[in-house]
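Next, two complexes with chain A in common: one pairs it with chain B, the other with chain C.
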Partner chain A sequence: MLKYLLLAVLCIAQTHSLYEDQVGKFDWKQSYVGKLKFSHIDSRANIKRIYVASEDNAVASLSLGSGTLLWRQVLEKGPQGAIVYFHYGANSLVTVSFNGLIRVWNPNDGSLLAGWTLPLNIRHVKFMVDGGNFYAIEVSSAIKTVLVHTYKLASGSLNDVVKKIPATWLTESTYCETNQNVLACLVQGSVKILFPSSGGQTQILEQSVPSATFLTPVSSAIGLPSFKAGNVVITVNNKNIETSQIECNSVHVDKTEDTNKVLAICVRPLSKSNIEVDIFISQQKISSNNLQLKTQIAQSDINVQSCFCKGSSPSCFCILSSQDHTTLFISTQGKVVWIREEALTSIISAEFLDLPVSDVDAAIEKEFDNQECGYFEMFTRRLMSQFYQIQTLLSIESPAFKSSALVRDKFGLHKLILSVTSVGKVFAMDNLSGKILWTLYLANVTPYSVTGKQFAPVFVQRSTRYVPYPAQVSILFKQSTSKEGVLFTLDPITGQLIHGDQGQKLGYQVELSTLLPGVNKNHLRGILLLDSNNQIHLEPPSSPVPKPYFIYKVHPQFGVLTGYFVQEDLKLQKVWELNFGQPVVHVASKNPVEKVHSQGRVLYDRSVLYKYLNPNLIAVATHTPDNVFSIHLVDVVSGNLVESIIHKRTMGPFHMVHSENWLVYVYFNEKTRRNEVSTVEMFEGKTQSNSTAFSSLSKSLFKPILDKQSYILPVSQVDAIKETITEKGITSKHILIALGTGSILEMPWMFLDPRRPAQVTPDMREEGQVVLEYTPELPILSEAIINYNQTLYGIKNIHTAPSGLESTCFVFAHGLDLFYTRVAPSKTFDILKEDFDYALICLVLGALIVGTVVSKKLASRKTLKQAWK
Partner chain B sequence: MAEIKIQISRFAGKINMSSFIYQIESLFGTLLLLFLVQTCQGAYEIKLLHYLDDSNFSTTRGVVEVHNVDSNDVTFRQHPLNPGDIKQLKALAEKDAFYRMDIVIQQTNKKDIVLSTYAKACSMVESKLHDSFNVYLDHNNNVVGISLLPYENLCSGKHVTDADLAAFRSKMYFYAPENGPVPDTLSYIQKIEREREAREKGGPKDNRSFLQKYWMYLVPLAIFLAVSGAANPDAQSGGGGGGAR
Partner chain C sequence: MNYYLSLVTIVISLHVVRSQEVDSTQEKHDIEGRVLAPTHDPSWISSTQVYIRGGQFIGFLKDDGSFTIKNVPTGSYVLEVVNPDYQFDPIRVEINSKGKFRARKVDYIQLSKITPLPYPLRLKTIGKIKYFQTREQWRATDLLFNPMVLMMVAPLFLIMILPRLMNDPETRKEMEQLQSMTKLDVPEMSEMLTSYFGGAPKKPKAAVKPKPSASKLQAGSSSG
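Then we have the complex of A and B:
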């Protein structure tokens, strides 16, 4: 009992839950739905909502005026949950998922009204909702019939006999689509229109479109189902076919209120931040407007999702979605109502960057910048900077010093989050507010992909520390067509590209890229790029390469690791090679900015166990088809295999964190059917082999001592894991675990420590160290969930970065939601509490000062009096 | 060899016409042989190639026959270095370059695996070609990596005569992977059980009487009372008087 109490006390002492009034103070959450797939605008006066379904399998409702999320339901992950049909009507929202689940949602709050499974193979079926019925239309070219299955929408029960529409014209290549209550099929240069939901004899309309090779349903007003076949827009108006020819990729068909004429809205992009919206009535352009966007979008394709129009001289509002996942809500009068950056759901790389120093500080830095200038110039510079300082002191507005919010604060808590997405869009966000500062669209690029993970390397070549040089960041992508590397170099504060919109084309396929540790005379760190011929390229070409320099390459599918030595002439010399013969699933290296404060660990008997801190150590995880998961610890300079650890009967997904002298990894144990987390800690022993500097080359038979332990993680799914990092590494480390339930758990290292003893003896406790007894199951404490009650859907990764304060670490998690917060693993020992009573301390200090002055006066009077006596 | 033995035993069985017993025997024989094959799985050859300059042309250093992995039982057959080779090696050491090796693992019925390793040429020279190989195996006893470890791993710049560099003296050690940890539920449950049992039984100290247990508190209290009573006799008498009334 006492032990449990102790454990409970320890847990409380270790977790840092928020108070209710601190909610949202250090954190923010942004919710997205992903790239739009379907949408509907409900423009009725008292509702005004937009209903959407996305490529990321989310169904949501957005407010018409601001675009904020009103409700959101996230369906099954992956292609199984893909939404293939979406319909809004009669106060219900219908979605069909690829796994055959039909769901009916309440549009007001997103609650599920009905859900049933379609007893048909969904691959060859088109859908339609009319009245209270759900129609599944099977177009079978084998029996030359269109089969219409009718179900009750609310229950899924068969409502009618299967209607058979004979269609002798059906062939293998016939392509059919539905829109509203109409089925259209493209058969060899003509479009057949069917009305499967109408009773009695089925009428078939026909329209010849000789040049058409494809057929797509087009966004259209209710009662005007339209399709686009080639360049021809076919509209079914009251069982009559109307056609119009519009040279436009994406259109919306509607009708004017009084004249009942069919109008078409056409949207085409002009540039990255400029689109044109035209309205046509019977092929006559009646209005054309130019829209200026505050973001950058893909120029290639823009899709009109849905519109609604009102008035006689039509004024329409449209939802557009572009190739780069941006959702725009515009009016045809030439106004952008709102923009949603849905690309933020596909972040592949994120980086926390320092903000520049304030202009005054920059002026001081500039004053001492150039040592070569003469005395006179130095003097004038000093006078100028002092003048500016006086000016800012008196807060006189001066044009030279526009106050900018993007300024580094004293504690380094204000940073910029640079995120790169898989669609080629780059965002800079303010970490305190989550506001997007700038966006950049990089066209015709695709990210790199290794072991199924997409990534685009981001290199921070120069931070903002080197005034007057601006910060510089490079992002490496590959070209979509040639697969050759493209390097985009930019100033992260302004988002200004240095080599222009197209980036710097490298002209070779990049196999490996890394940031060099040395800086050139402009304080710029070089990038080393390796092409497919094992040729080294440096960017900028004059970058210094440290000596000796080793690089390693991993071939994930063959499980081959190769180490190279970079020679004087920048030629590679293969020095070592390992061959695991199994596919590599994960490679975990240490965070290059990580610092380790303590070289050893003090044991309870006062002796020191030295940590094995090999900076060149990586952990390579392989997984064989017979479910053996192996972890290999490899020194990538010497090519030594420090240790291999195998886990039999395990399954993915695997997650791994490698930091300091330890390794944490999560896997699914197939035998016991549960998630397990194993930890490995490496020690040199009671003596340190080399206390001054570590060298992999002075190798011997020395092997570190490995402490291993395994724990049960009582959760069904782990999405990502990451360790916290702080500036000097004094603060203890916590592990952040993104659980499948949508929460991020902050697990103190103390719980995962492989050296947790089976029995805590009194002398272990005496030394003031917190030692926890081994328990096989890790506790999931609700206080340790850093996103408290804010569920985060589909977390893809967690990024951590140190702040200027030793106690604090930034956390940025992204998936369908973005979540930012800061954590203090060892509590905020260097920050005053929020509710710190400044008034009281001022009062006390003031009183003390007054007291001293008064007592001094009194004392001097007394001594004077005594002297007169 | 295995095939022949099985054949003989089967043949014997046929001759004696008591085939049943002999078939069992032959089954045993097969099992035994399979077991032997299993333990001797490391019976293969490792070819050692080395680079004595910075070029990409390697020369054969020798061959290692691996007999048994578990007991590190190997036979080295290495060519001695000729004066030209020694000169090249010394030149490498002078330049502080690397002595690189390619290792070809030749197993029957399997594709050759080529691995590489290296060491500083100067440490090779200073350890007088006295080195050891660490061979890392995976869970199926396949070789995944080899590292070369010269006897002296740091270069001190001492002079080594050519005579010392004539022949290699090598050793080979095999390292199998370690089994990963598993959550130790069993001993934890046993511990909990033990604690529960101990609780149910009750501590052995509980059998003592109240006085036996708390005498250390009661004695000082009694002494204190006695002392305070002795120091203030009036109060005590007053109290006593009260008691009498």
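Then we have the complex of A and C:
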């Protein structure tokens, strides 16, 4: 008991949690729903709202005026939870998931009203909700019948006998869709319209559309179910068919309030930031508006999700969803009400970037940048920069103040987050506010994908440090059609593409890409690209390649690792090959910006255990179908297999973090049915072989001492793990664990340390070192949850980056929600606490001064008195 | 010699799907239960979900707090209640091939220990989650033990109280004794001190003696 108490006390001492008044001070959260799949605007209710269902299996309600999220429910992950049908009506929201679950939601707060399972195979069924009934329509070409199953929406009980509509015209290729209470089928150049929910003899309407090859339901006002077949819009108006021919990919069908004429709204993108909205009445264009967007969208297509119209000269509001996952709410009068950047749910790469220095600082930098100029020129430069400084001091309207929003601060806490999404949209966000600074849409690109995980490499070629030169970042994608590489080079501060909108087409398929360590004379770091013929390409071509230079390649499906040596003539020479014979599930290398401050670890007996700090070490995880999980530590320069660790009866998801001289990995132990964390720490021993630089080749036979330990992680699922990183590596490391329940847990390395002794002896404690006794279960403390009560759904990854302060590390987590905060693993030792009492210190100093003066006076008076006695 | 290594930015990660993936041939069951209201605010219903395997199966709550997790194949699961503000203990639910349910407490360390729980499940909160450190309240003792306040109080003590104590004959004796001891210990230092402070130790003696001239002289020398 005492042991646990002690542990608890230590835990509290170790975790630096927030105070309640610090909520939202260092962090922000943005909630998204993902690409819209279905939506409905409720314009009749008192509180106008939009109800949406997304590709990311979320059902949500948005406010009409601002687009903010009112409530959101996230259904089952993956294809099982995919929403295949969505309906709003009569104060209920109905969703049908791919796993056959029908759920009825309360539109006011998102609570569940009813939930039941459809006893049919969902793949061949179309749905319809009419009144309080739910209709599942089976279109069976085998028995040439349309079967209509009717269920009570509230309970799921079968309402009626199955209604059979004979349909002799059904063939294998017949394609049917539902919209509102209408079923439409496309049969060899004609569209058949059925009303499955109406009682009695079923009427079948027919419309011949000879050129139609596809049939899609179209957004339409209630009572006007419409479909698009080819370029003909078919509207069912009170059991009559009306057709209109509009050359437009995306339309909404509505009717005018007084004349009851059918009107169509057509939206088409003109350019990346321009869309055109046209209104047609009886195929006559009555209005056309051009909308300027503050974001970039895909030019290919835009989809009208739903609209509502009012007034006799129709004024409509529409929700649009573009191919790049942007959701727009516009009025047909030519106004963009709000934009939601739903592409942010599909971030694949993120990078923290420095901001440029202010103009004044830049002028000072300029003063010293050119060494060759003479004394006189340097003197005039000094005068000019000082004059400029005075000018900025005096006038508030100087250019330095105008650009002050994006200027580096003293502590390096203000940065830019560059996020690349899988749809090809790039975002730059301000890390302090989360505001989107610019967006960029890269057309016709797809990300790379390895073992099911998508990624697009981002290379920071030049930071903002080299003042006359702007910062430069390159993003590597592949072309959707040819699969060849495309390199997009841009200035991350302004979002300007350097090689134009289409990027730099490489003309070969990229197998491997990496940023070179050396810089050229313009302070630009080169990119090394390896094509499928093992040819090396450099970008820019004149980039210096350090010598000797080694690269390695992983073939995940075969489990083969190959090491190469880059020769003088940029030819590859194979040095080694390792064949694990098992599929590789994870490769963990160290963060290239990581620095290790302490070379060793002082033990309680005052001896030093030196860390095995091999920068060339990677950890490769393989997993066999019979659930054997192995970790191999490989030196990728020499090909030396340092160690292999095997865990039997384990299952994924696997997560791994490799940093300094240690490795942390999480897996599910099938035998004990729990998540476990294993840690490995590597040491050279009590002597250090080479204290200045580590060489992989000089001691290829050297084996480090390994400490291993496993702990129970008492959580049901881990979504991602990441280590904190600081500028100089002095601050202790914490591990951030994203839990399946939507929390990010900050776990001090001390708890995961494989050297936690089984029993703490008094002399271990005497040395003033904090040594924790081994306990099998790791504590999950609510104070260590850095996102407190802001649940984050479906965290995909966590990014960490050092700030300008040694104590502070930035954290950016993304999934369906974005969350940014900063953590201080060893507390903020380098800045004053924010609750530092300035008033008290002033008061005390003042009192001391007053006290000194008064007492001096008193003392002299007393001595004078005594002298006169 | 420095050996460079390309840091390949390919991060490979695979969510190996657990072998107990939803199998259409397997028997499917519904787990039922009820979450007891942790608060009177009705908004807790929509912010609470019941998760199995981090959201692979989800039970949403109805108005009365009841939930059903549908279509769960046979197996052993840890059921968690997710609410941003209230904590609930996880429960292990086992469904055997006959469709029988068994609920028990989750014990990750003692795997064989079984503490059965009633089924259908009744989930009760174990309290509000404490995410934040409490700010230290202002207390008088804090102010007193503040180093700065101590810094102010200690000289005050030396100035005001110490001379009074010196007037007490017993303490004076003690002080003298102490001084003599220090003399024995470090004679050189004490010599230096006496020479430096002049006749300071004689000052109280002079004050006792009714000799105004001597006291004047002493006072003059010390102040000068």
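As a convention for this text, the second predicted complex is superposed on the first by the 828 of 869 C-alpha atoms of A that agree within 3 Å, B and C clash if a C-alpha of one lies under 4 Å from a C-alpha of the other, contacts with A are read in each partner's own complex, and residues count from 1 in each chain.
The rule we apply is simple: a residue touches a chain if its C-beta (ideal position, glycine included) is under 8 Å from a C-beta of that chain, and two chains touch if they have at least 3 such contacts.
None of these values were measured; they are calculated from a predicted model.
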Tell me the contact category for A:Gly639 with respect to chain B and chain C: first, second, both or neither. first
Kindly classify A:Val628 by the partners it touches after superposition: chain B alone (first), chain C alone (second), both, or neither? first
First (chain B), second (chain C), both or neither: which does A:Leu578 touch? first
Tell me the contact category for A:Ile712 with respect to chain B and chain C: first, second, both or neither. both
Per residue count on chain A, the busier partner among chain B and chain C is C
Does the superposition put A:Leu697 against chain B (first), chain C (second), both, or neither? both
Does chain B (first) or chain C (second) touch A:Phe86, or do both, or does neither? neither
Partner chain(s) touched by A:Tyr151 [first = chain B, second = chain C, both, neither]: neither
Please indicate which partner A:Leu528 is in contact with in the superposed arrangement: first for chain B, second for chain C, both, or neither. second
So, does A:Glu777 touch the first partner chain B, the second partner chain C, both, or neither? both
On chain A, the footprints of chain B and chain C overlap at residues 697, 712, 776-777
As the complex stands, chain B meets chain A at residues 54, 98, 100, 113-120, 132, 134, 136, 138-139, 142, 144-145, 147, 149, 153-154, 175, 177-185, 187-188, 191
Show me the residue ranges of chain A that touch chain B in the complex, using the header's touch definition. 562-563, 565, 567, 573-582, 628-632, 638-641, 643-648, 669, 676, 678, 697-701, 706, 708-712, 754, 758-759, 774-777
Contact set on chain C toward chain A in their complex: 1-19, 22, 42-43, 45-46, 49, 51-58, 60-63, 67-68, 70-71, 76, 78, 80, 82, 84-85, 87, 90, 106, 108-109, 111, 129-135, 146, 148-149, 151-152, 155, 159, 212, 215-216, 219-220, 222-223
Residue numbers of chain A touching chain C in their complex, please. 17-21, 23, 71, 73-78, 80-81, 99-101, 103, 106, 109-117, 450-453, 455, 457, 459, 512-517, 528, 546, 548-554, 556, 584-587, 589-590, 592, 615-616, 623, 627, 636-637, 651-655, 668, 672-674, 693, 695-697, 712, 714, 716-717, 719, 739-742, 776-777, 782-783, 785, 788-791, 794, 835, 840-841, 844, 847-848, 851, 855, 863, 866-867, 869
